[in-house]
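Note that the chains take the letters A, B, C and D in the order they are written out, and that residue 1 is the start of every chain.
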Amino acid sequence: MEKTGIVVVSHVREIAEGIQRLIQEVAADVDVQVVGGVNTHEVGTSFDTALATINNSSADNILAFYDLGSAKMNLEMAIEMSDKTVKIYDVPVVEGAYTAAALLQTGVDLENIEEQLREIQIVK
Amino acid sequence: MEKTGIVVVSHVREIAEGIQRLIQEVAADVDVQVVGGVNTHEVGTSFDTALATINNSSADNILAFYDLGSAKMNLEMAIEMSDKTVKIYDVPVVEGAYTAAALLQTGVDLENIEEQLREIQIVK
Amino acid sequence: MSMIEKVSKWIELFGEKVTQNKETLNKLDTAIGDGDHGSNLTRGAAAIREKAEETTYDNLSKLFQDVGMTLVSKVGGASGPLYGSAFIEMAKKAKETEDIGEILEAGLNGIQKRGKAEVGEKTMVDEWAPVIDHIKSGSFTDEIIQESLQNTKEMKATKGRASYLGDRSIGHIDPGAQSSAYFFEALLDSGVLDDE
Amino acid sequence: MSMIEKVSKWIELFGEKVTQNKETLNKLDTAIGDGDHGSNLTRGAAAIREKAEETTYDNLSKLFQDVGMTLVSKVGGASGPLYGSAFIEMAKKAKETEDIGEILEAGLNGIQKRGKAEVGEKTMVDEWAPVIDHIKSGSFTDEIIQESLQNTKEMKATKGRASYLGDRSIGHIDPGAQSSAYFFEALLDSGVLDDE
């Protein structure tokens, strides 16, 4: 069975790193790759780093989370350039990534994870 | 007219600091106080630091945001011990605080801010 | 022993139980949370022990209040505000009565006011509520403590970190209910209820 | 000048315009965004200029492709993927035709596919769509560029960072539409459409 992991793309490095810490507490065995900001310390996202982050994951199936719309666009471009199966969720970046990670850790399948994520879907 | 500010309580210091950076970009004139984690670098929230953060704000009216439920409980306890008017919103911590901050910067009143926050309310 | 001595004993025993069972509590909290409930309460217990060593209490209310404030500040996690609010409400009630059933009921109200949980949401409320019912009706035994605890196993969590797991929270005992079971076991062992 | 020379001129002029008007674009983006649209595009323009200095293009498609990839990587912000996708789609179309109207229409499709914006959402789409209509119908003038741009002022943003401001986005020209206006002004000035 293919492995499922998590990718988080944020505009801010600290948000990305913080989400990773929050998540790994409840999902120690889940591959969680994060990227935030550009040029070491500026606010923004990029196609290049989104793609690199996807590639860094040991998983072939990835659940992806982002904060603002331009992060999603860069993620989508990255997905077009990747062979991995990546799904982006229009959910809160912290709460959504946390939910998905906690559920993945307990072995819940994708269908049920998505059902729970749908409950916190937002227009963003 | 009383001043309105923002308080963010996160379980993780980096998330809190990252949100402050993201927000100040679009809300340079808004007082944004954040706190995340406990004991310098651990994951968690506390009543004491939530109260101190509320008190650090130069605003008398505060819109408060949090990530997980226990942060909300500490915020509520802090509010009971504070004279300030603090309202907590059950919205995504990043996206909600960003929305409120951006709107406050442009001078939107509380009623309209809350209307927009209601659109991204989630069960959390 | 006076009532205040017995209640001090009760709290001391509770602290010992959570500390001795730190790994058990952490393990329950690993299955459906972030794995720290035992560590949180052990931290709280140590702080309470320290406070007890430096203070002599001549009234129940002050004792409960100090315990409550200490738990709020030191426990960390959701159980801090929850246990803290329980003791703070118990402190208020203890000014009016020495009836443990009524005092504990005030504590439960504090937990529910703080956490907004009802019975059946797989939380510490599911230990406190049935136990207090039985204390008030004079039918409180260790079996009630254990039965109420076991009943949390098949519940689905709708509050706290466990609620993020949805159906996956089913089949696990709630950690907060387990620590509350220790609380009520300590109550039995302390002799506080012996005159009631 | 050959078509490729004129198109190179077009892009060069676009780069100059956004760089000269960096503060104007940043200011528009401060009112309804994060204040960086001018800086973003200036960064992109510098990278394109650098690339143009080290490369000779013998076909439009490769030129557009390089511009597109450079913008994706260097601009930062939403306009990176958006302008980038425009040029990447223009690169594909330029393999089939040299008709600028059709090429730009492919570019608009790229922007809309990437950003999901329709006309009326107060974005760069609201500059590209009417301008392209007029290019295709042979009625493209500077008035069209300016009129389309001004029309974004009273729109309410429903895409991008400006959409977080709701009604407060009304009364401000969209920065992406302004930079797009520079793009089409540069098109006029470059002479690319002169033979059409």
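Annotations for the structure displayed:
As a convention for this text, a contact is a pair of C-beta atoms (placed from the backbone, for glycine too) under 8 Å apart; a residue touches a chain by one contact, two chains touch by 3 or more.
Protein identities per chain, from UniProt: A, B, C, D = phosphoenolpyruvate--glycerone phosphotransferase.
Note that this is a predicted model, so its numbers are computed, not measured.
Note: the chain lying farthest from subunit B is D, by mean C-alpha position. Centroids built from CA atoms put subunit C at 37 Å from subunit A.
Centre-to-centre spacing of subunit C and subunit D amounts to 63 Å, using the average Cα coordinate of each chain.
Rounded to whole angstrom, the centroid-to-centroid distance between subunit A and subunit B, based on C-alpha atoms, equals 24 Å.
Chain contacts: subunit D has residues 34, 161 touching two or more partner chains. Multi-chain contact residues of subunit A (touching two or more other chains) are listed as 25, 43, 68, 98.
Contacting chain pairs in the structure are A-B, A-C, A-D, B-C, B-D. By the touch criterion given at the top, residues 33-35, 161, 164-168 of subunit D touch subunit B in their complex. Partner subunit C is touched in their complex by these residues of subunit A: 25-26, 98-99, 102-103, 106-108, 112, 116. Touching subunit A in their complex are the following residues of subunit D: 34, 72-73, 76-78, 80-82, 84-85, 114-115, 159-161. For subunit B in complex with subunit A, the residues that touch the partner chain are 10-19, 21-22, 25, 36, 43, 67-68, 92-95, 98, 119-120, 122-124.
Partner subunit D is touched in their complex by these residues of subunit A: 38, 42-44, 46-48, 68-70, 73-74, 76-77.
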